[in-house]
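Dumping the structure here so I can ask a few things about it.
Read from first to last, the chains carry the letters A, B, C, D and E; within each, the first residue is number 1.
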Amino acid sequence: MTSRALSTDVLLGLLPIALLIALWQGLVSFELAPVALLPPPGLVFSRLLQQLVTFSFQQEIIATLFRLFTGFLIAVALGVGVGMVAAASPAINATVRPLVRVLAPLPKVALYPALLLLLGFGHESKIALVAADALFPILLSTYYGASTVEQKLIWSAMAAGTPRREILLKVVLPAAMPSILTGCRIGLVISCIVVFLAEMITSTDGLGHVLITAARTFQAVDMFVPLITISLLGLILNALLQAARSYLLRGFPEA
Amino acid sequence: GSSRAQQTIRVGWTIPAEESKYWMMRRPAEFPDLGKTYNIEWTQFQGTAPMTQALAAGALDCATQAPLSLSNGVVGGNLKAYIVAQHVFEKPGGFSVYWAVMDDSPIKTIADLKGKTVGISVIGGGTQGPFNMLLKQNGIDPAKDIKLVEVGFAVSEDALRQGRVDAVNMNQPFAARAEAKGGTRKLFSLSQAMPNIVHILEACRADFVDKNPELVKAYVRDITSGMKKALANREETLKVVSEVLKAPIPVLDTYLLKDNDFGRDPGAAPNFPAIQKMLDIYAETGMLPKLDVAQFKHPTIVAPLQ
Amino acid sequence: MIEIDHVSQVFQTSARKDHLALSDISLTIEDGAFVSILGPSGCGKSTLLYIVGGFVSPTSGSAKVKGKTITAPGPDRGPVFQEFALFPWKTVLGNVMYGPRQQGVRATEAEAQSRALIEMVGLKGYENFFPKELSGGMKQRVALARTLAYHPEVLLMDEPFGALDAHTRTRLQNDLLNIWERDRKTVLFVTHSVDEAVFLSDKVVMMSRSPGRIRQVIDIDLPRPRRRTELLLDPRYQKYVVDIERMFDDIDEAGVNP
Amino acid sequence: MIEIDHVSQVFQTSARKDHLALSDISLTIEDGAFVSILGPSGCGKSTLLYIVGGFVSPTSGSAKVKGKTITAPGPDRGPVFQEFALFPWKTVLGNVMYGPRQQGVRATEAEAQSRALIEMVGLKGYENFFPKELSGGMKQRVALARTLAYHPEVLLMDEPFGALDAHTRTRLQNDLLNIWERDRKTVLFVTHSVDEAVFLSDKVVMMSRSPGRIRQVIDIDLPRPRRRTELLLDPRYQKYVVDIERMFDDIDEAGVNP
Amino acid sequence: MTSSAAIGRRVAPLLACIGLLAAWQVAALALKNDSFPTALEAMRAVPAILGDKEALINILASLRRMAIGFAAAVAVSIPLGLLMGRSRTVAAFFNPLLMVIYPVPKAALMPIIMLWLGVGDIAKTLVIFLGVSLPVIYHSFEGAKAVEEKMLWSGAAMGLSAAQCLVRIVLPAALPEILTGCRTGLVLALITMITSEMIARQSGAGNILFNALDMGQYDTVFAMIIIVGAMGIGLDAAFEKVRARLVRWSEPQFDMPLSFS
């Protein structure tokens, strides 16, 4: 990709976001929404800039990011691991499949109070919730990707003397990578949502907590600052994932 | 459904202490106007703060409110509303929201809370004003000297017994349950900060009231009579509440409408002076600017209405 | 020695019909023999290779290598698939180096060997290309190099020169023969070229139209080492070719029977 | 008429290097001509076909069909890809019927035509098989039938008989010639068989090793209709084959230059 | 496939459920925590919920919202995802937008959503819609990107317009991947169906669950979780049936899953 094409892409991507902000401004300007509920974007962004340089706000972001990453990484490790093994071994498949069918659709937030009591109010309970919610999209995509790997790739590797236990790592994992990364992308966004939600429900810090404190006292601008922050974080993390994707999949036709 | 055009009020409610509304929901036949001259669209919320937002957004016409959430709506959300009725308050000798510690806890006084982890049902909620005031009176800076965590009433007992918090606030019916089980003790209650705290009341958007005075009147009349019925027929009230809360009657029977329960005004009349006192406490503890309760008073539409 | 004993293969099709691909195949291949399989398209040649490779287990009958029933693939039998099956996430060099690295050859050594093989198949300069960036014939040559790289005792080659121009094909035939003569590998070689089969093999197995049966096994009694230029003038060679082509005409009479 | 005018094609590889696949190709193909392209593996034959098909636009130069610059694919030019590219979700019949149905032919009629074509390529009985259930050669024949089914004026065929046994190949060559003689299609035909090229074509284009250049264009001046049996005995035919094979040897001197 | 293996496959989910419940029972007994009832206690509460007509109406109301939200999400997301997959411009346009919108928790936007959509069905259906659409969009997107180019070329050469190519080639070719997205979407639909009723609710399964949660009736909470889990199994099984029919052609060629275990 040439750098010119890249910058056109970036411009194209900024356009709808600019439109969204314009729409937001429009709603405020034409008084379609009360300022108390929807403050003007200019106010929100200037407050965001102010906040970003303060130590306390940075601490909140770090707390949120720490939970998000730890939970997400646990979900990736578990989801990819279990998904691959389930695709490889009929015995494990027979156990995992029904378990996933039962566990996947459970509303994990409902378990959050129990998690709080078991793991406390700090990082652990939130990390557990994030991991539990991000796990299944990753697991399902991995399973799908792993179970549709071209047979002859596996055959080729086995004939080259790859031991069975290494086939997973050396062939199935790279061959299923496109699908796994799609799952990770969804898992990442879900992690963003859930970490925020968990912090909104019960927390002493983090972006979600900032929002709740502001919401309780109707500080509309301060409510939107953490929202915009999480949204920007999502954008940045996704761009990173996208970069990783185009590197990892450079041999694949679709990359 | 009726084919006649009826006016509808969109009402927000919550659990657990709005017996007159629960009567209206579960025993509508007992109310001559309800479902005939007007309709109610009930929406249940998790706590009063989201209802304040819903009122401010115009998604609700009337809703259960706490003095603090309502005031927040006024200050931050440009909300204009009337307090038309009152659900529960703390009556002298009755139940008062309290903070509990374990029996064997070294915490004996409020001052001992310094440096401890303390649970509260809702940070910035109605109980925090009086709570902050008590802490301050005992030489504790609520912002710095304790670690405050949000622990919903439902899990507060467990959180305390698990040692996740050193002290936690208790409300009915959980307080009754915890007391029955034993092992905890009351450290202090809100009544120490002020008597007759108003916990929840009924508020309606001012523009809605001004536009539909007759409608709201009918609603307030029914709240008044609902409260009467609730107080008059405890046995039936237990059933009604049990249906709404999906809690077994034996559990409710341990406290509901007994001495160890909150107080209820027989006419569901708001106690404006008490509310004013609370607003003053909020102002004193820096949670809100100073507010005058008069702005919430409608000249005619306020319980009790016959 | 590879012993194929009354092997049949039935596939279940999506139309929920059983489809007989191989019917009662028996064949013995001596160690170090070069055996070609000829047969009409769809007669089950690839399937037979899969069975010897241990990728597919036959519906009935058994296949043995060195007296042991084949149950799984192993580095003693190296396949070159008709569809190449290159690892898309690896470059040409990465694909070729895979086998030796897997066998525990040190990286530098494996790389040197692989580069030599890549040069042999005429792909010097393409080491860092990904499979998607190669032409059909180039992919086929990478697949060949990948299998040769780990020195399997038995080569299972499914039309390995099918996508190559005549010239490259001749060169690689010679290279293959050199390797075979040096290492005395056993080769099972599927091809559509009668010419190629006769030139390379000790034995040509002719299969009949689907469901695949063995029609005839012809011993090719030509001196080795064989030189293409000499052979083309040899009347025995020409006779083999003509005979086999004639047999093909007979097979065709049988018609199709899916 | 197809006019290819100073066409070059540069590919960007993942290694971030530019790779010149075709270099300054100019070629004119008369309407109704049967033109074969011969060249070493990787010299850019497929790429040239893609450009005429309108699938790839050349980095420089232009290609025109009937005087109009080619910018997009169209049903006037029907490709048969080297990799078949069958629709995996459709059966054999579904794949072959796809084109005619797209052209608005009624279902019953399209089906009848398609069944006839399937029979022609020797796949009667396999109508309800999915591509994954076919052998390599069978897939190739389905791909051929699929393209013939919608009667494109220009056929762009990329080694369409590469995976077939000699017998099936000969039969299909004859069928193709019959269709061509009947409908006077323009055919651009990539093959690795010199024999096949001479037998089928009016003109043989020889390309040199990568980066692909046109080395020579040979007019095949043999009478039509051609019969294989007669032709094999014709000394002119033999001379063409030998000449072209010799030219191939020259090309090979050039070496590889990626 | 022998019939005993078939029976095994039938029984496996049951065994897994029993195993799960047993593990839960042991964990709950070990933890001795009021807010974590044992599996038996939770199971005992199930009939009470299912026997209650009002509860059933609630659950049906939730399912109806879920069905509408899911159907709408699939209808919008698949075309969008496919378009993004086949057109760089469309992808460049939508990708950042989606990435900005999706990480924002819908619960935090409730006040704004209430402002325009009220607190009723529409708002909740929207939340379900958003929950479902993310995986469907991204799986369709990646599925469409991975479609073999020569298949599209074949289609174009037969005279298919770009739009027809999208519907008649990209859609079927990407279908297995799309259906994986739909399956994840179905799971998320069930979850958002519940959580959309966390803050404001008139009826619904979440209503029962969050009420019980507020009241600290954990046997009912976990009974609801069991019920939702069971609904998940049922929907998933139904979906699997549909999926198997639709992508018969893409099932692995040989019987063994990866043929090396």
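We take it that a contact is a pair of C-beta atoms (placed from the backbone, for glycine too) under 8 Å apart; a residue touches a chain by one contact, two chains touch by 3 or more.
Molecules present, by chain and UniProt name: A, E = ABC transporter permease; C, D = ABC transporter ATP-binding protein.
Since the model is a prediction, treat every value here as computed from it, not as a measurement.
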Ask   = Stepping chain to touching chain, what's the minimum from chain B to chain D?
value = 2
Message = Show me the overlap between the contact partners of chain A and those of chain D.
response = C, E
Key: Of A-E and B-E, pair with higher C-beta contact tally   = A-E
Ask   = Quick one: which chain's Cα centre is the longest way from chain D's?
value = B
Key: Whole-Å gap separating chain D and chain E, where each centre is the average of the chain's CA atoms   = 47
Request  = Compute the distance, rounded to whole Å, between the mean C-alpha positions of chain A and chain B.
outcome  = 38
Query = Among the residues of chain B, which are close enough to touch at least two other chains?
reply = 53, 56-57, 152, 154-155, 158, 162
Note = Multi-chain touching residues of chain A, meaning two or more other chains, are 34, 37, 113, 117, 151, 155, 158, 215, 250-253
Task = Mind pulling the residue numbers of chain D that touch at least two other chains?
result = 14, 83, 130, 133
Ask   = Can you name the residues of chain C that touch chain D in the complex?
value = 11, 13-15, 19, 38-42, 44-46, 82-83, 122-126, 128-130, 133-138, 140-141, 159, 162-169, 192-194, 245, 248-249, 251-252, 256-258
Request  = Could you pull out which chain C residues touch chain A in their complex?
outcome  = 53, 55, 72-75, 77-79, 81, 83, 85, 87-91, 98-99, 102-103, 130-132, 146-147, 150, 152
Ask   = Quick one: in the complex, what on chain A touches chain E?
value = 8-10, 12-17, 20, 33-34, 37-38, 87-91, 93-95, 97-99, 101-111, 113-114, 117-118, 133, 136-137, 140-141, 144, 146-149, 151, 154-155, 158, 164, 167, 172, 178-179, 181-183, 185-186, 189-190, 192-194, 196-197, 200, 208, 211, 215, 223, 227, 230-235, 238-239, 252-254
Task = Going by the contact rule at the top, pick out the chain E residues touching chain D in the complex.
result = 148-151, 153-154, 156-160, 164, 169, 172-173, 175, 247-250, 253
Remark   = Per the touch rule above, chain B residues touching chain E in the complex are 10, 12, 15-16, 41-46, 50, 53-54, 56-60, 152-155, 157-158, 161-162, 173-174, 177, 245-247
